[in-house]
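Have a look at this one before I ask anything.
All chains are identified by letter, namely A, B, C, D, E and F, in their written order; residue positions are counted from 1 within each chain.
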Amino acid sequence: MYELGVVYRNIERTPLDTAQAMASLGSATVHEAMGRVGLMKPYIRPIYSGAQIAGPAVTVLLHPGDNWMLHVVAEQIQPGDIVVAAVTAECTDGYFGDLLATSFMARGARALVIDAGVRDVKTLTEMDFPVWSRAISSKGTIKATLGSVNIPVVCAGQLVTPGDVIVADDDGVVCVPKARAAETLAAAQAREANEGAKREKLAAGVLGLDMYKMREPLAAAGLKYID
Amino acid sequence: MYELGVVYRNIERTPLDTAQAMASLGSATVHEAMGRVGLMKPYIRPIYSGAQIAGPAVTVLLHPGDNWMLHVVAEQIQPGDIVVAAVTAECTDGYFGDLLATSFMARGARALVIDAGVRDVKTLTEMDFPVWSRAISSKGTIKATLGSVNIPVVCAGQLVTPGDVIVADDDGVVCVPKARAAETLAAAQAREANEGAKREKLAAGVLGLDMYKMREPLAAAGLKYID
Amino acid sequence: MYELGVVYRNIERTPLDTAQAMASLGSATVHEAMGRVGLMKPYIRPIYSGAQIAGPAVTVLLHPGDNWMLHVVAEQIQPGDIVVAAVTAECTDGYFGDLLATSFMARGARALVIDAGVRDVKTLTEMDFPVWSRAISSKGTIKATLGSVNIPVVCAGQLVTPGDVIVADDDGVVCVPKARAAETLAAAQAREANEGAKREKLAAGVLGLDMYKMREPLAAAGLKYID
Amino acid sequence: MYELGVVYRNIERTPLDTAQAMASLGSATVHEAMGRVGLMKPYIRPIYSGAQIAGPAVTVLLHPGDNWMLHVVAEQIQPGDIVVAAVTAECTDGYFGDLLATSFMARGARALVIDAGVRDVKTLTEMDFPVWSRAISSKGTIKATLGSVNIPVVCAGQLVTPGDVIVADDDGVVCVPKARAAETLAAAQAREANEGAKREKLAAGVLGLDMYKMREPLAAAGLKYID
Amino acid sequence: MYELGVVYRNIERTPLDTAQAMASLGSATVHEAMGRVGLMKPYIRPIYSGAQIAGPAVTVLLHPGDNWMLHVVAEQIQPGDIVVAAVTAECTDGYFGDLLATSFMARGARALVIDAGVRDVKTLTEMDFPVWSRAISSKGTIKATLGSVNIPVVCAGQLVTPGDVIVADDDGVVCVPKARAAETLAAAQAREANEGAKREKLAAGVLGLDMYKMREPLAAAGLKYID
Amino acid sequence: MYELGVVYRNIERTPLDTAQAMASLGSATVHEAMGRVGLMKPYIRPIYSGAQIAGPAVTVLLHPGDNWMLHVVAEQIQPGDIVVAAVTAECTDGYFGDLLATSFMARGARALVIDAGVRDVKTLTEMDFPVWSRAISSKGTIKATLGSVNIPVVCAGQLVTPGDVIVADDDGVVCVPKARAAETLAAAQAREANEGAKREKLAAGVLGLDMYKMREPLAAAGLKYID
């Protein structure tokens, strides 16, 4: 349940270097490193391919068809932040376009993740401002009802607390709680370090069956080969 | 992001009388009383019509296709509780049937709200054990992976903290945070008290336009009548 | 494209006896009689089973999350009317509940068809006021933005002009243009008259293959029987 | 890939007593007895609650918006059969209504499972002819294109071969291959026999944690209790 | 409700220069200029990115799985036209491919908007013939049933009358009634003219809160800042 | 119904030259050549545009959230094969990423078609390993439950038998049974040969109405032109 009509100005962000170090690792590796939790639902998709970013979340709660609070959150953005926008009911309206993107970029925002629609996607692509959204729609919004800024929100099925790390790329959007950011980064880096050697072996034709020593457990589980 | 593999045994429940007093008010009135927040997504539907209940939430986090933790949560149920089950990914499997319902009822559970599927619905209906779910499915589940009990969970888009009040009926499922339970109950009762008089007037033919004094604001907004 | 902020007070309704004579024929027969056009999309479902109604449409255009105009349309209802409510964007909010139903019934409305959500469905069922909707939801609405009353609207994919006949039952909702109401009624009654004899034959074991003389065209199309 | 334009008249049905013995066991128990395979997708729902049936499948392949082959399959029905209808593309049209149901019942059909829409559901309910479908729709169909009868079909994601057993109830629809029918029946009966004792224990307050001896594996998996 | 089996040869088109002047403004600006109505549902998406077009609509009504009338509408195309295709029921079949596109281009068509599926998208992209559709599918269609050409149709939830202006780009598809085309163009151009100055200010770091003078109404609505 | 826990090592593949000859024809032409059957549902989409491939299918059956069998199927891949992966219930998890793709490529696999999710799509695109999937998701999977390899599976609504030909491109995925591969190839080539001449005529302005001699059947069906 949400607290309405409030803006928290002082949030504790995950340190920027910790947060941004997760960008190159990507959402899949970070998600694995957390034990396969923290992922937003896969209906959230990037408006263009190839962007891969990470940063601390500033959050905003919106009402259906009303983007008033996106102007309020703009003032709370610090360089490197990623804005995470939730809506109190399902809505595909185009809450965000090139003007707001210009403002967000002027404040140093790195990206927007929104559980609703976005528009001006051609211009946003040219501006290189990445957005992950549930829809693309020309439909504009009004400015009439108060939501909140920097409260915990549920975005695409995932709880996001202000200051948590958002990692987003072509595979999806992951949220890492700030209390677990350092350990998650370490775990993800360890996974990554491990992958190069695996990739080489697999490329050389070694089977995962052998590399991961799966033949015995598969047999134990009863797998039968039939010629 | 969820903490996995833990069971919190001591949660602070909203007092049972406060929680249960919301049942007769219904989800729509309680939702209004909270300022139109707190509602689960409308894909959560009752397996049969007519049940109208309220009580404190005990929560459980499940993995897709795995109902192991439903047995763990059973032990944590106290009389009057409503079990709220979230899943780490979208799943429609039938996690819950008549055997688990028998166990839940023996512990005093009042209902189950689950962001997944349920089965044995004919028997559950005969047992008068209400379930709100996203699907009905014969598909059974395994018992292999740890989730958690009594951590905050996101169920059908709504954050539920253990001890919060769940109000569920044919219109949907609302979650009232325990810190706001008393004030919400009072506000909902006030709304309800107010409705009898309104209903009589409207039944007598008085228009909402007049009863709510809407004609002036409508004209101010520019409404034109054309004969 | 919709005209906003207007209420047409004088619409030409299909004569009530013509309209209501379609109720007992049902939506499927009427839909066939029109050449298989005029049907709303099948996501529009009745909130309870068994209601079967027909009557002239009064229409209302709503905005997402805003039910202000439902109070405006109430004044335009005449006995026997069916209110058809469209929304300018997809929305599942609960626009309509027992208070508005009380008012609609006091004005003589026969039913509501709404391309959005409805609530208080348990009470509406007890009141015997049928609603066909796309969703059931406790979520309330605000009263802030002007729509229109008695303009042509698109409801669940179907164009409805004020005064057209709405036929609704467990199978769905059909709209018959007033200009074609009389001929459609006659065609539907002819179909219906024809069905009793067919039903008797089929019950006696005559196959549709023979009754409809399908064996020859099936063979001509190349159907092969294999023993 | 489907063979078009053929009707296989002689199919090998699962013996009727074997097939029908699965009705009282229900889809969930049978599905478990098969190792959790064989279930149609859960979007297939009964048009009314409470029917619980089983019988050998006769299959029919239809084209979108065309129910011609339902008349062809009628002739192939033997008493106790369940007609399983697949469509070559997604379609929600109302392929089947009270006239076809009259014909199917005259031939001894026990039910219809159709991966498309159905209509006249009020009358079908009164006739006590159960249908499991993906939609309810007034929309009628034409009779123009050949499909096939008694070929293997994919219905709601499940391969059904003519003569297989269909088990359907409020929880869903399961298909049991005829080659595995006898063993599946035996396994399902064994499960069922086992459930009475479990239910009594659970009703007496024994926890599944103890009855199924789960405490040790849960601890081994690392479950922590926190007071 | 649709009139079937007719082709209107003489329609009144919005003047081509008025229509085409809307292309560079884009769907979002035009949609705002009309008061946020006229937009097709956002499930209609372009088959490739970057096309931005506008022109008068010629309309065609199709049946599910049947593209016969696309050949009929081809003859009615005039240079600059945009074909708008509606279907009488939901269908994702691939109605349109490279051969029809060749024919449409030979007639001078600028684009196709279709509430169904399309195929040969790789070739269409190479041909630079833009299509907005609800699906991409290899599935072909038959040529068997009459629809109509140049009647008013409902396409993706939007009423389109022949001669109306269609504006389509990466953000979606808007329909402007021909009676409102001139005023809408003027209003959209005024909006556009206004945007350059705003963009500069926002890029310079001025907040929307100040530029749009929102601080006072936000405070009046009760917004609280918490440090 | 699926056989679980088995790996068939010796399958009869469609000859590679026959299979691969279908790649340049594309899914739409092949689908037409088979009489418009054999197409997977259109929710299966390529992770990047432009790939157009064909080859014999090796199949694998997976459980929700479990990719163990993808390692088992890797060993059964022969150069030119296309892996077709089905799941026993709906799931969008990311079963397959760059490591498995490295292994599949080392074995000579040409592509993957999976009725579930995939991840590392940026890397897969750089590797030029095409995947057709129902979702993109960072969510990883476990390795716990046996499925099967090289049994007939239902993938996206389509039955695929090991050795059948898979044809996949931007328009979708078609399955050609190996018994019909040669005749389908011939029929598709004949269609294709025929298209060049048609395309030229249409480009020159000849209408399909005339080229396909449709004017008479349209008139016979009752089409009326209105000036």
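Please note the rule applied: contacts are C-beta pairs under 8 Å (C-beta built on N, C-alpha and C of every residue); 3 or more make two chains touch, one makes a residue touch a chain.
The structure displayed is predicted, hence computed values, not measured ones.
Peer 1: Can you list every chain in contact with both chain A and chain E?
Peer 2: Common neighbours, chain A/chain E: C, F.
Peer 1: Would you mind pulling out the distance in Å between where the CA atoms of chain B average out and where those of chain F do?
Peer 2: Between these chains, centre-to-centre, one finds 43 Å.
Peer 1: With chain centres taken as the means of their Cα atoms, state the distance from chain E to chain F in Å.
Peer 2: Using C-alpha averages as centres, the distance is 31 Å.
Peer 1: Could you put a whole-Å number on the gap between the CA centroids of chain B and chain E?
Peer 2: Computed from C-alpha means, the inter-chain centre distance equals 41 Å.
Peer 1: For chain F, what residues touch not just one other chain but two or more?
Peer 2: Within chain F, residues 36, 39, 89-90, 92, 139, 145 contact more than one other chain.
Peer 1: Which two-chain combinations touch?
Peer 2: A-B, A-C, A-E, A-F, B-C, B-D, B-F, C-D, C-E, D-E, D-F, E-F
Peer 1: For the complex, give me every residue of chain E touching chain A.
Peer 2: 26-28, 31-32, 36, 39, 42, 45, 49-50, 52, 169-172, 174, 195, 198-199, 202-205, 207-209, 212, 214, 218, 221-227
Peer 1: So in the complex, the part of chain F that touches chain B is made up of which residues?
Peer 2: 63-65, 89-93, 139, 142, 144-145
Peer 1: Show which residues of chain B lie in contact with chain A when the two form their complex.
Peer 2: Those in contact with chain A are residues 1-2, 4, 34-39, 41, 88-90, 152, 154, 157-159, 164, 175-177, 180.
Peer 1: Write out the stretch or stretches of chain D touching chain C in their complex.
Peer 2: Interface residues on the chain D side: 5-10, 68, 71-72, 74-75, 92, 94, 97-100, 102-103, 105-107, 117, 119-122, 125, 135-140, 143, 145-146.
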